[in-house]
Amino acid sequence: MTVKWIGKRMMLGVLVLFIVSFLSFFIMHASPGSSATAYYGGNAQTLTAAEKERISKAFALDRPLPVQYGAWLKQAVQGNLGMSAGVGRPVASILGERLPNTLLLFGVSMFFIIIGSIWLGMTAGMRPGSLLDRGLSAFSIASSSIPAFWLGILFIYLFAVTLGVLPSSGTGSLGGDGGFVDKMKHLIMPASVVVLTHVGLYARFLQESVKAELGSYYVMAARANGVMEREIRRGVLRNAFIPYLNYLGVTIPSFFGGSVIVESLFAWSGLGQLLVRSVMVKDYPLLMGGIMLTGLIVVISLFVIDVLMYMLDPKLRKGELGG
Amino acid sequence: MLEAIGLSVKINGIPVVKDSSFFIPEGKITAVIGESGSGKSMTVAALLRMLPVDAQAYGEICFMGTDLLKATDEEMAVLRKRKFFTIFQDALNSFNPSVKMDRQLYAFSAGRVGDDQDSFQKKMKAILGKLNLSSEILNQYPFELSGGMLQRCMIACALYVKPALLIADEPTSALDKVVQKEFLKWLRLLNESGTTVLIITHDLDVVADAADEMIVMRKGEIVETGAVADILARPTHEYTKRLLDSRF
Amino acid sequence: MKSRKRLIFWCSLLGLILAMTIFSDLLATQPVNEMDLDSVYSPPGEGHLLGTDHLGRDVFSRLVQGGKVTLAVAGLSVALSFVIGVIYGGISGYAGGWTDSVMMRILEALISIPSLIFVLAFQAVMQGGMWGMTFIIGVTGWFTTARIIRSEFIRLKDAEYVKMAKMFGTPVWSILTGHLLRNSLPPLLVVTIFNLAGAVFIEVSLSFLGIGIPPSIPSWGNMLYNAQNDLLIGAWWIGVFPGLLIFLTILSINFIGEALKKSGRGRFHA
Amino acid sequence: MDKRKIILVLISMLLLVAVAGCGKKAAPAAKENSLIYASESEFDGLNPILEETNVDALLFRGLFRFDENNEPKADIAESFDMSDDKLTYTFKLREDIRFHDGEPLTADDVIFTIESVLDDKNASFLKSDFLEVESLKKIDDYEFELKLKRPFTPILDKLTLPILPKHAFAGVEMRTADFNSHPIGAGPYEFDRWDRGNSLTLKAYEHFHGTKPSIAKVIFKFIPDSNVRALQLASGEVDIALLDPVQVGELEKRNHVKIYNIDTADYRGILFNMQNDLWQDVRVRQAFSYAIDRKQIVKGILKGFGEEAYSPLQKHAFHNEDIETYSYDIKQAGKLLDEAGWKLADDGFRYKDGQKLSFTITAPASDAVRVNMANYVAEGYKSIGADVKVAALDWSAITIEETDAFMIGWGSPYDADHHTYILFHSEESSLTGSGYNYGSYSNEKVDALLEKGRLSMDEQERQASYMAFQEELANDPAFAFIAYVNAVYGIHGNIEGVKERTLGHHGSGFLWNVEEWKWNDR
């Protein structure tokens, strides 16, 4: 049962990646213009004829688009995403350099969002009518209505320009040989912007699902029979957590999309910044690779969330919902 | 054992139970009958002190010397834990869907009395056996069991704790006839072991089958009270008569 | 009662912003692109209500005109995604069976891709103007709409009155629009309203990054493109006003959406 | 009202946490003896004959080197002799010079470098500088002979050419050599580390033949956004940054920043791409030159840090004041367009043969000044009935040869030949040659005058050629010159030793004597 379930989820992940690659490939190559130059673009001069020949052959550049896609797919599966047109190095190695930074920002902000929203959401949901309960939904709507980049600009102005306590941008300062503390200092602002603009949303969702659970039938039955409040809460939280996780899964893609903007604003040298840049310079191989990697990260995150839900929700485990 | 004097319940100012007085004798099975909307469920909610937030109860409900409407939350909690046991209509939803039965049954029974796991396992398995339930259900989740089985689990808990007053709100309406009969049998068994039972129903068969005393409610008012045999034989109120007629 | 009052408040705030942008031609004190290098970076005050920017353009005039662009792009793209979503979700929900499951698998996959990624892919190719942007936001924003429509259609398909209509031989077309679509409107409205907020977000974000609407067209996002620079120079008014207006717009849209969601609760299965 | 308070409290709590959390960590790091330069762009490679970067001056040295007055002075060359016919030069090299890898710098290296520049396979942008070289002959390890085809005075200027180590290219093609990312030179700083996308670190070269550098490391941090550069200068994350004029006022208020407002030969103008038929008629180009309000641009966009431009040699000794300066004249512009057949229609735009007078000015998005100029000019062109759009694109997305018009920036403080021949000579078209004539500008008279200017040995004669060249260029404009832009650098106030000189385009050359700089507190 379990193996089958995991297999099914993985298949979905593969399907997602396939659709992503298919769509973005055709979107990008539908435009007129030589796709050959798109593969080595600015490096045309530095590449030898033999190298050009090799690239052209590997990616079937002289063949019709569907064949090219097939060739690209075949290369991509083998880890060869082509050469970046702008930077002139293999796409895979550029992505590899950027990945840790993105994962760091993504991981740290996700961590604080989850911790923060669980704490806020539970506390508020468990105390209906309290100040926190009433305030949270307003805070949530307000904070999620602020464009992240605008908050970021204000932060930079406040903390970097006026107070001078934090570095304005970048991934690490120079000469400070990029130690851990230094990196964290650079991480504070982008991560806080991401956390502040998202934590309310998730907290509110949890709060509402806790409230919905508290109003449910089994809670009434348990209360009427004097079951200990602690025991009731345990059950409520567990149940409220399942839709919360689901929501997390549903919103991870847009959350990830949002971090693109934050990365660019803070010159955080991660995937998001890379994606924006490759759009500007029309570096298709790099953009394509970046999109695929982003898709992969999202797919993996969704898989992790699915597994968590699977562990938490016995109905899913017992196959009641049919997957 | 329990007496309501001039009990009224208002929801947002609109009365749903009007100035009702009734008495539940100790050691008997008393049935409250009425169609939906008659106020019977609100009456139960009032005496459990579990009214919805926008509802308000007035009057007096005396249970073993305390006025339930004036009792503190702590006193009420103690009463619910020590003296009452309540079975609700929807057995399927009376249990937390994502917690295994043994944990939940423990909370509903041994947890109230203060027994440890060992004695719970021993005693509960015995009771389940009596109720024709396999002890394997302890390792299952509520959604894996049928409504009848779950209702029997509730009875099992009641049998375990032997409460002073058992309140059953439409316990059989979701069950088919055969299971219903079975359920009422266990109810009587419980009554014989000394528990006063208050059963709320819209089904006259249930009343005739199980109850000693009955209270007929209609549109928030009590229209008739008395021994089941008396009322069934000689209904005085128009509504009761109609109720009896529709039975056949 | 209280919530009703709140709804009216947010609706009138949004209405005010809308009116301001619709009548921008009347309100604007200067042509949007009129540059006056004699008064670069003048602070809010006389002559220029909200000051001027780095080319001496009037911030207030650009703000109201820019709002028109931003809201038009957002509004039209949401209309587009509404249409696509309704068609896709409608077919999937009404057809059911095999078609439905294939379409849903695809939709599920699409939903799990950050839509910003698609916007970027499109933008790399098109780098179009206002209409291009509208198109891009529209074609990448219909996923939730489709999902809602599908679940509503599935729910309503088996409703008594639909069965009746079928029995009486009402044409499919009229069942679809008259019964199914009309009855799916409340949840659809809610999701569309949230989509609107999302579309504003995407426009301002992309334009802020410099890959959205061409800089010569004033939009709220474009006005913020230089804001970081201006803030550093001390010209706070250039960044603060458009930002504030974006915030208020999205805020009121969100509050209205929340209120509608609450009033239709139980029917909303998003 | 309650809610608002809660939100306020929540937000301020979060902010407090954020501030408290970082307050401790934000303590200033130990001051290192390094210099961080906010570089406007990253380089593709560091081979100085393939690409010009502002790192060249640090990594490499040539036979000659420009001094404070932009005059070439002997550097690696110890002495030289010139034959009477001015065709043969004999150079003696210093014998104590070693490349960063320890190998001695010999005549072989010099000859190799010049030959590489001339080798078409390498497509060096410097090729036109050495076209007059007839032959190179090694006499011994530290002496060689250079023969010219014709007398060519600027040759000493050209020999500021950075010298490459021959041994580093043994058996490899120069275009793809590893050298390009791990350069070896004989300059005051040697290559240390290149963190692609972030920074390039150079460290002091202890065996440098000139003044030993005092600052241990020079780091080029790639920050394309001028705003970020200014921010980081303000916050102390970088030590030197080229500023946009509008940023100066605010940064001057910072105590630790010293502002250098340096005169440059760096002009901005609109390049007319002659590939576009629109520009074939000279009257159209003249009209668009007239319709630029340069005074306002200098005042509003440059904030006074610059001056109006009309000639590429305006900052040069051979500067010609009597040419057409195209001072702002809408009427004249309109008249010229009328004559050229572009008639004003009812919609306020001009048409000719049913075609609208319309084109796009492309500008690099990262250069705010150019974008602002383009926007301002484009808006102003409406008044003469032209529909002009602005495309602000990333540098790497720009192919100048494919634009209608480009917001160009050029200029050289050195010999008059520098940045004129390579820009305006028809053989230097970037389409057919390796020069910088991006607009394929072609004018026989200009070609002849430029050739004469570069070959003539007589100073007077040269001056006359360049004066005439300026006049001809003004009458048949390749660019609509807009303004010379001062290089305004913000530098950390504790740096000493900065020597100002007229700088080249993009303020390049500011670091020319960096080995003499030092921190007075480190």
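The chains carry the letters A, B, C and D, assigned in the order they are written, with residues numbered from 1 in each.
Here is the rule we use: contacts are C-beta pairs under 8 Å (C-beta built on N, C-alpha and C of every residue); 3 or more make two chains touch, one makes a residue touch a chain.
Predicted, not measured: the structure shown is a model, and the values here were computed from it.
**Student:** If each hop has to land on a touching chain, what is the smallest number of hops from chain B to chain D?
**Tutor:** 2
**Student:** Does A-B or A-D have the larger number of C-beta pairs in contact?
**Tutor:** Answer by contact count: A-D.
**Student:** Just how far, in Å, is the C-alpha centre of chain C from the one of chain B?
**Tutor:** Roughly 53 Å separates the two chain centres.
**Student:** How many Å are there between the centre of chain A and the centre of chain D, using C-alpha atoms for each centre?
**Tutor:** Each chain's C-alpha centroid was found; their separation is 40 Å.
**Student:** Between chain C and chain D, what is the separation of their C-alpha centroids in Å?
**Tutor:** Computed value for the inter-centroid distance: 44 Å.
**Student:** Among the residues of chain A, which ones contact at least 2 other chains?
**Tutor:** Expected reply: 142, 156, 161, 280, 282.
**Student:** Show the residues in chain D shared as contacts by 2 or more other chains, in ascending order.
**Tutor:** Touching at least two other chains: 231, 234, 365.
**Student:** Following the definition at the start, I'd like every touching pair of chains, please.
**Tutor:** The list of touching pairs comes to A-B, A-C, A-D, C-D.
**Student:** Using the touch definition up top, name the residues of chain C that touch chain A in the complex.
**Tutor:** On the chain C side, the touching residues are 105-106, 108-118, 120-126, 197, 201, 204-205, 208-211, 224, 227-228, 231-232, 236, 239, 243, 246-247, 250-251, 254-255, 258.
**Student:** Which bits of chain C are touching chain D when the two form their complex?
**Tutor:** By the definition above, chain C touches chain D via 33-38, 40-41, 54-56, 210, 214-216, 226, 228-229, 232-234.
**Student:** Along chain A, where are the residues that touch chain D in the complex?
**Tutor:** Chain A residues touching chain D: 42, 45-48, 86-89, 97, 131-132, 134-135, 138-139, 142, 156, 159-161, 163-171, 173-176, 181-182, 184-185, 188, 192, 196, 267, 269, 277, 280-283.
**Student:** Contact residues on chain A for chain C in the complex?
**Tutor:** So the residues of chain A touching chain C come out as 12, 15-16, 18-20, 23-24, 27-28, 30-31, 137, 141-142, 144-150, 153-154, 156-157, 161, 250, 252-254, 256-258, 260-261, 264-265, 275-276, 278-280, 282, 284, 287, 291, 294-295, 298-299, 302.
**Student:** Where on chain D is chain A touching in the complex?
**Tutor:** 2-4, 6-7, 10-11, 14, 18-19, 21-23, 25-26, 29, 32, 34, 36, 44-45, 123, 173, 175-176, 196-199, 201, 217, 219, 221, 223, 225, 228, 231-232, 234-237, 365, 393-394, 396-397
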